[in-house]
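Down below is the structure, laid out as structure tokens.
Order of writing sets the labels: A, B, C and D. Residues in every chain begin at 1.
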Amino acid sequence: MSELVRFGVSLEKKLLDKFDNFIRERNYTNRSEALRDMIRQELVKKEWVEGEDVAGAITLIYDHHRKDLLGRITDIQHNHQQVIISTQHIHLDHDNCLEIVAVRGNPAEVQRLADVLKSIKGVKHGILNMSSTGKGIE
Amino acid sequence: MSELVRFGVSLEKKLLDKFDNFIRERNYTNRSEALRDMIRQELVKKEWVEGEDVAGAITLIYDHHRKDLLGRITDIQHNHQQVIISTQHIHLDHDNCLEIVAVRGNPAEVQRLADVLKSIKGVKHGILNMSSTGKGIE
Amino acid sequence: MSELVRFGVSLEKKLLDKFDNFIRERNYTNRSEALRDMIRQELVKKEWVEGEDVAGAITLIYDHHRKDLLGRITDIQHNHQQVIISTQHIHLDHDNCLEIVAVRGNPAEVQRLADVLKSIKGVKHGILNMSSTGKGIE
Amino acid sequence: MSELVRFGVSLEKKLLDKFDNFIRERNYTNRSEALRDMIRQELVKKEWVEGEDVAGAITLIYDHHRKDLLGRITDIQHNHQQVIISTQHIHLDHDNCLEIVAVRGNPAEVQRLADVLKSIKGVKHGILNMSSTGKGIE
């Protein structure tokens, strides 16, 4: 955790009132924490465009009764193991599975893995959650 | 323009360095201006969910040679004139038109108009730009 | 307008029912038109990442009373006239202006112009509407 | 898995060529699978606006050295256990943790939990991955 720096910000009174409202609604303890969050959001977006090492999660929904589906999903994950950390599997109901793959590595490779998993016949929904390794965003 | 208020913000040194970098890249003159912009972005999102009066632009691309297309687009705009301010029409090439409809009013009605225009056969692309009347975001 | 090709699509009955519902809600005349729209959305996204020539609109909200603001916005537009087609200006109320700049050209240059306009002190909200020249998306 | 229905779609030749390109790039085995995916994406968006029961993942990045942080994150998760299925915790490096919370339930409650977790001081980045229980999207 790096040293804290303090600086002044000027805001129009009415804009500040609305911001304070927003902070309360979103449960932030103070203005600095809310502003930190907005700044980090922008930095995470930048990391996915320009960075080398990102982290995130790929969420998949599928019906495990589909023939060969489990096998194919597992095969693909093994072929991309350099960007996969671990996988969490949840039985939503008799048919549907929620599988969350924790990923880390080069943004383009992670995106490629998400595309491949989404494209498998029988995967109903796939989405990539773009987050960060935390290193660049104190 | 309302009165300016000044307050202090604490940020981790490394996060601030990265933020200052971001500010330079995006051409902001100072930190306050960049933070104001992030705050306003959140407020505009809120206005479209909870507000009563928003403004924006609907951008359409279409081929004006399509039979009846111009007539239908114009008819629909007349039927929704309560949320339309004005329309800008640009001839991109021999076939393609770019039409930008400036809109203002209830968010649901504006969204409905965008959906209807997008759904017309011959409209190649339609998108709604969500902005603000400026009243709530000093 | 290019020649129409017809091909068959297989869909789960329940998924198709839900899709037909969606089509009605969004006002599409038939399934082909709705699917065309989804395909074009993906192609437009691709154009902005990989393409050379895109079109769109930059929407700005600002208070025209701010000193020098009009002058600066106009100066910047002149400096980027190679990607600007025309500008539509609307007086929302006594203070607030809605300005919609129709743009066309290289995606990175258009994005840069949007960043510069957004960053001007006094511009309350700026957003870039990413659309297409229509050439690549019949 | 519900019965398959086959229907015809008409597409402009040039649009179809571009679509086939897109399919190859994204690794889809055939057109139906790619179109199914686009349809499901729209249905999942609808579920989060209008639905009662959704699933997804909340991804958090934080420094576990921050005083009380682990305790607070755990407390909050217990207070919202009705929408939490399970949690996956990954040690990214000496300081940074990636925590992925599998969630299911009412969209507004899930969103509220994500807001609360994001707002905690010390959480560097938080993001909600909106997916589906799979029930509505065969």
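Everything that follows uses one rule, which is that a residue touches a chain if its C-beta (ideal position, glycine included) is under 8 Å from a C-beta of that chain, and two chains touch if they have at least 3 such contacts.
Bear in mind the structure is a predicted one, so any value in this text is a computation, not a measurement.
Visitor: Spell out the chains that contact chain A while also contacting chain D.
Guide: Of all the chains present, none is in contact with both chain A and chain D.
Visitor: If you average the Cα atoms of chain B and of chain D to get two centres, how far apart are those centres in Å?
Guide: 26
Visitor: Specify, in ascending order, the residues of chain A that touch 2 or more different other chains.
Guide: Residues 1, 40, 137-138 of chain A touch two or more partner chains.
Visitor: Chain adjacency by touch: line, ring, star, complete or other shape?
Guide: The chain contacts form a single closed ring, each chain touching exactly two others.
Visitor: So in the complex, the part of chain D that touches chain C is made up of which residues?
Guide: 1-16, 18-19, 22, 31-32, 35-36, 38-40, 42-43, 46, 136-138
Visitor: Enumerate the contact residues on chain A facing chain D in the complex.
Guide: Its residues touching chain D are 1, 26-29, 33-34, 37, 40-41, 44, 55-57, 59, 61-63, 65-66, 85-86, 88, 90, 92-93, 95-98, 100, 102, 104, 115-116, 118-119, 121, 124-125, 127, 129-135, 137-138.
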